[in-house]
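Below you'll find the structures, each written out as structure tokens.
In the two complexes below, chain A is the common chain; its partner is chain B in one and chain C in the other.
Moving on to the complex of A and B:
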């Protein structure tokens, strides 16, 4: 059963009521066909339908979560990717006091995939930043933390996160090192009782014996080195050299379709996208690292909540429930999401969220800070409408008057921003999940 | 009759015969030979016996090591208009070039060997040292400023300078346009000069003056003034190096603070290194050595309201120093913007020996606990680590404090946490009447009632089985978590319909709880250690608190539900709240009223002797935004 018009119901739907927004089953199938993924190709797989979902209510539901059996990893030389950054990316900034080393990256990856680093040993970083789902979660609008807790915002992708100078949707953090502990001790996310508790746990895990020492010398494990290792791994997740990059920076006229080329013209011209999703002379990060009000947050906060609302029971399985019933079983909401205001306390910052990069955007559905737009088509249509008018709307957001063909061209352009991400996904599969280890092809990296 | 340019070179040879002859050899031994040369009469020389100033010879003592002393700023170095050797005008300040400046007032025809020639000789020695030492060469500048503008024109100074021409070091020769321009400079520097006139009223060309050489720092402050008896290159160099070290350590104030911490800090450190009677030795974790800079920084952080999300709360606003480093007026703490917290504020005495931390034992280290507090949205309410660190890195009153305390490391999660932990660790308190009685052999230190109470405490009442007392010290805690029934009762017991409500500090009313329905946030059961371990056997287990200073830290229990020590004793006498998970040591005790009074008397004898000192130390810390920085 799939409610029609779900995406119209979506904004303003459930945040603050302890309920998780769900996504329309099947949307990914559309995305895949658009991307032309070869499903079931020989060799290690990073894309396509994941685990068997035959017993699900909804036969058209497609997940990209892989069963453990189908996760066959292959180590990548992440440091080499960083040294010679893929076409379209600038040199990677690395903090002076945390230079990248193989030991740190490997330790960071181990930590990233370690479910034991949560209160009840069930949740790792990678469970919201899922490698085969664009290092975000394609199946949830807003992230779900420990024991079903509502995190309230969409998981951001980690591709090219090393270039961000401001982290989180409200830009409240400035470095990956400083960011690392926060999901671990956030009661809604990994919910650890304290930093010291996690460190005490790590000291007891024999499989970490010597790893901090070999990565950090006599500093060993401390609050900083845990964070530095996690930051180091995430920093290596560079994905570019997309059709766009090869066309624009690589001067390969054939690399991008004509439709995408027209999309680029619109993107940097009539549609004004590149006003915030900036493109540079030698490289493009597709973000100005600033925060803007486009109206999604305003609508969610101010528009009346629809009744009844869809509630996800399991991926692809949901029911329509009256909000009063939801309230009876939910934790009290944390109130409206006010975006940047929650950090600055400045009323003019209400519903301002950070411009996300658009690299690999076809891999990172759903969209917006609250995951309220399920497909890139919806995103393009949203901007074509002029966002959601509100007193704090960024003046650059205005009706664009794009034709259907122009919308399709923009979409083609966005889909041409998918970089060479597969080695990163396969490399991620090498990391052991929980206590079941991992399967990977350990022939030396190419 | 003024000396003419024509005779200048001769005068130069004369005046600097001593210095120039000796200088290239540069050694103190050579310098010591100078008297022989001065005795070779040069035409016009004044024939009188000379005692040479110490600056010409080797020091008769070892100069103090740089950095072992401080040079408080004497005064701002005055400015003025001067002329360079190329005739161009400049300000004296510009001539300083933001370097360590040795400024000497001279005139080129001076014939007093212990006057200008001494100054120039010492500067020349410094010049040679600078040439060999790139760090000094880069940071030092020598200035010779003439106070005889009539004779010492820029051209004269240029010729004069040629005698010292060299590479790799900085020595400027300056003069002024006229006596009128010069006069205010001399007055400002206190450099008195008088022209010497002969009986006919003609100038002899000599200028009577007192030798003064100034050491000026890059912030243009005079830091030393040398006179003839202690102008010596070694002493000047030691001073310059001292100032350079001072700058590396964050400036005079910081360096001065470093060289001698404030008395109150030294008191805290003394207590930490020689713990009061009744406490074991204090061992800081590796890498977290207790230093004065860390204590001072930690204290500053502890009292700084700017460290909260909206800059209203500091740690000290729940852990109030004069209320036993807890809050005596509220059973449970109130956090950011009035949000109710679930538990009683813990006292901070003798935290150094506490492990685990928090009443539910969920934290293991003070430095990591710091971040739990800072990031808890209900407490200090910071939205991210970066919000706190960016703030600390930007606040001018924190400039260099982290770097000084942590060997050049700036504010990060570890340094911030360790600074806070270090201050907290110094809040030790012992030497109570009990300690003097039990460990100090003072029989009369504790009342007989308290002594009877101690017998009960360690005997029939069984308190000491958790609140441990050792042979040579007592922390009054086993650092374990137990279920006394308080938490269970709160979770599982039936709430009375009418309850005492706290309206504000100390203001309570009894009211019907139905009246509050719908006005409160839903409250959740407090499951104690279970919340960290997720193990059902850990439900309602809370940490055994130390009992030192317990008379100062009301109200009691993890939820502040018992207002007085009498109530606590009563609670244990009744056997806590009995239920299946209760610790088996909690059972009805059958204490008499007298027994209970004795136990309370004992508990009141656990108050340390230094609480006022800790309070006074805390009160001296600045609270909130320093004056003039309000926003």
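Moving on to the complex of A and C:
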């Protein structure tokens, strides 16, 4: 076990040596290359979309694309990661009636990547929660479901989802087991007509023969064991032991840059971020699990008539497009979202969304419930402006008066929250992708 | 059966002969005038209908709330001497809304391969036993599995005994990285050829800044042993609401900016060209050494050609419209003498005629309004008849009253397009009209399309566990 229980240190305090030091990028590249992982200027294949689009708004953009064959997996001992909880995380809460077992996790992972579990065989959990894209989707502001339907909200990351007590942006669900079926029968997502229909389909898949029995004994395959298996896999996706964790909880004074250290002081001081993105004495989940109105939802719903906006046509090529043009090809009413109000009907809940964890936030762009902010720089600037004023704005959201240097420091801190996620991505690459006509063959290469 | 003078030709030999005569030429200017083109886009390995087409098959998307709501192959009588001229004479529903899109004949034109971009099913229709009543012959439903994760089978282009399929996406992230896939005429999977990416160019030369690994269309120049491909976008984009996508800056980065030439026989990519802004359809001057493509987003015409000094290269040769108006050039057709292009722009429902007799200088000649939106265009070999359909993609089509769904047939008199008949696909409870292919009884009665051993009637479905 790694050391825990350290109290927060005052700014500038010297810390002891940490357990793991941050590797220099060059070293990382060499190490991955030696392991046979594709490495490019965009980083390893585990570190984002394989068709890198950074600096796409510049005429100097060059592709740094990876072949799909470079997604070479390596199985991880996910239970060991849970047992030896990564530095900075509390012990993982596991329901008494669904203890983690290797068989359940394996089965849950198989279900997670099985596209056949949607109405027409095209959508799995992993099509919106893409492993190398932070278990979210870096390529879309809001998710696209069955037949291209507009899910309307940004796919949340699944890193450390096992700690959440309220799920979805509107906090309408409370456990992973209960949540598991929602996307499968939501007509906007996987759109199955019923739980029974999915169960009947699963029973016909020969590649599941015996797997539920191995995982659940006599209970075998039923709607609860499907949910429990999916919950078990997602519960193991723990990613912490970040530079921040090593600096703050591991007492490694050199684990986090000076800029990030200044950012931490802003985060927990002047900027007030930790009021909602909480940090504990011996661990941090960076969320209060509460819902707040910061104005993004209000702005989308209540903004006056749209004005011409830039649309990217090609690298470094933009045009201003008239909103009437966009309206011609837009489904009426799309994009409107009232947040928590849609669950409670309480007018005071309009445009309230749950506080996301900030762990691994550098991996999970674009940001906010609607993916409206593309970069962390935009996020910091948004809060520095004081969000979007509206009658229900959370009182903690106010202009922060941060200088450019302070914004940069805050950004450096957020980037220091990236944990040890690569084993989870590589493990996910091993998972068989269930496609129509699939026959599961454990001996086949991933 | 009405008699017509020599309506159908197997042009494969003439194309080859022409190619042999010109194979040493390296510059367009050195080539003699060619006689080959598309009808409008049938493979150079297939016989062509050079006379009156009798039927048009329209691969049609099912629409929720319209008729039986499922995809279907609609057959329209186009024989002006028929009592049912201009009418729907057959409709064959296939089950599901699969995002029906493009189709293409086998080299003998006896089977029509019709692809779907969402569920990845490929429906193979028997269109020779009775061209007026196509039958579903086979359904390939394990395309993604057997190809190793290729999603969105798009273009179907015939090789001798084979079908080359270009695709749009993959099953890992539903993004734009994808592959070319080869099948036998019998529907057996042969090979997957992944598009080059920076970490694995697969022997290709990256001539510019981009190697995105994206795909869209495919065409062959057999005489030059060249295959040409282009690039579009992945499932997430082509399936989502068009307006939603225009408002999503991340999504708008996920478009292809490349075209490629391949060694056709070896199926090896040779060169990757930068063609910014989603180069879509490719139309070639068959016996020559050049092809055109148009960019959907930047509204340009590009020429992919064999230069005397540079070898195969690409150059912008024309402007179609103002990109800020999002004209969205979509399908286009090349005339049989390679002198003109008909280029459709989806958003303004207009077709534009360009003079490309000098392929390096495409000149706009005229514009003709077709409807509130227009996507596909197919023209007869003699260029006297043009057919237009309306649907681009299920979620990209216009909304509300502007969502007209039609097939319109026009006569071209050299100056104007004169509407001859129109089929309202919503009024007929059919759906969204997409790709058109011509057919004629005479292809089979004259044996011009050859005869092969029957594969068996009825429907055969590829093995599946679900």
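Assume the second predicted complex is superposed on the first by the 339 of 446 C-alpha atoms of A that agree within 3 Å, B and C clash if a C-alpha of one lies under 4 Å from a C-alpha of the other, contacts with A are read in each partner's own complex, and residues count from 1 in each chain.
Going forward, a residue touches a chain if its C-beta (ideal position, glycine included) is under 8 Å from a C-beta of that chain, and two chains touch if they have at least 3 such contacts.
Quick caveat, the model's predicted, so the values are computed rather than measured.
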Which touches a greater number of chain A residues, chain B or chain C?
C
Quick one: is A:223 in contact with chain B, with chain C, with both, or with neither? Answer first, second, both or neither.
first
Regarding the shared-chain residue A:200, is it in contact with chain B (first), chain C (second), both, or neither?
first
Under the stated touch criterion, which partner chain does A:395 make contact with: chain B (first), chain C (second), both, or neither?
neither
Once chain A of both complexes is superposed, is A:345 in touch with chain B (first), chain C (second), both, or neither?
first
Which partner does A:170 reach: the first (chain B), the second (chain C), both, or neither?
first
Just checking: does A:185 make contact with chain B only, chain C only, both, or neither of them? Give me first, second, both or neither.
first
Now for A:127: first (chain B), second (chain C), both, or neither, which partner does it touch?
second
First (chain B), second (chain C), both or neither: which does A:304 touch?
neither
Need the overlap of the two footprints on chain A, from chain B and from chain C, as residue ranges.
120, 331-332
As the complex stands, chain B meets chain A at residues 310, 356-358, 360, 362-365, 367-369, 371-372, 375, 383-387, 389-390, 412-414, 417, 521-522, 531-532, 534
Interfacial residue positions of chain A with respect to chain C in the complex
38, 40, 49-51, 53, 56, 61-71, 115-116, 120-122, 127, 130, 132-133, 137-142, 144, 147-148, 150, 201, 204-207, 309, 311-315, 317, 319-322, 325-332, 334-335, 365-366, 371, 374, 433, 435-439
Would you tell me which residues of chain A are touching chain B in their complex?
119-120, 167-168, 170, 172-175, 178-179, 181-182, 185, 193-197, 199-200, 222-224, 227, 331-332, 342-343, 345
Given the complex with chain A, which residues does chain C contribute to the contact?
96-99, 118-120, 141-142, 144-146, 149, 170-177, 194, 197-200, 209-214, 235-236, 238-244, 246-255, 257, 276-278, 295, 297-298, 323-326, 347, 394-400, 402, 462-466
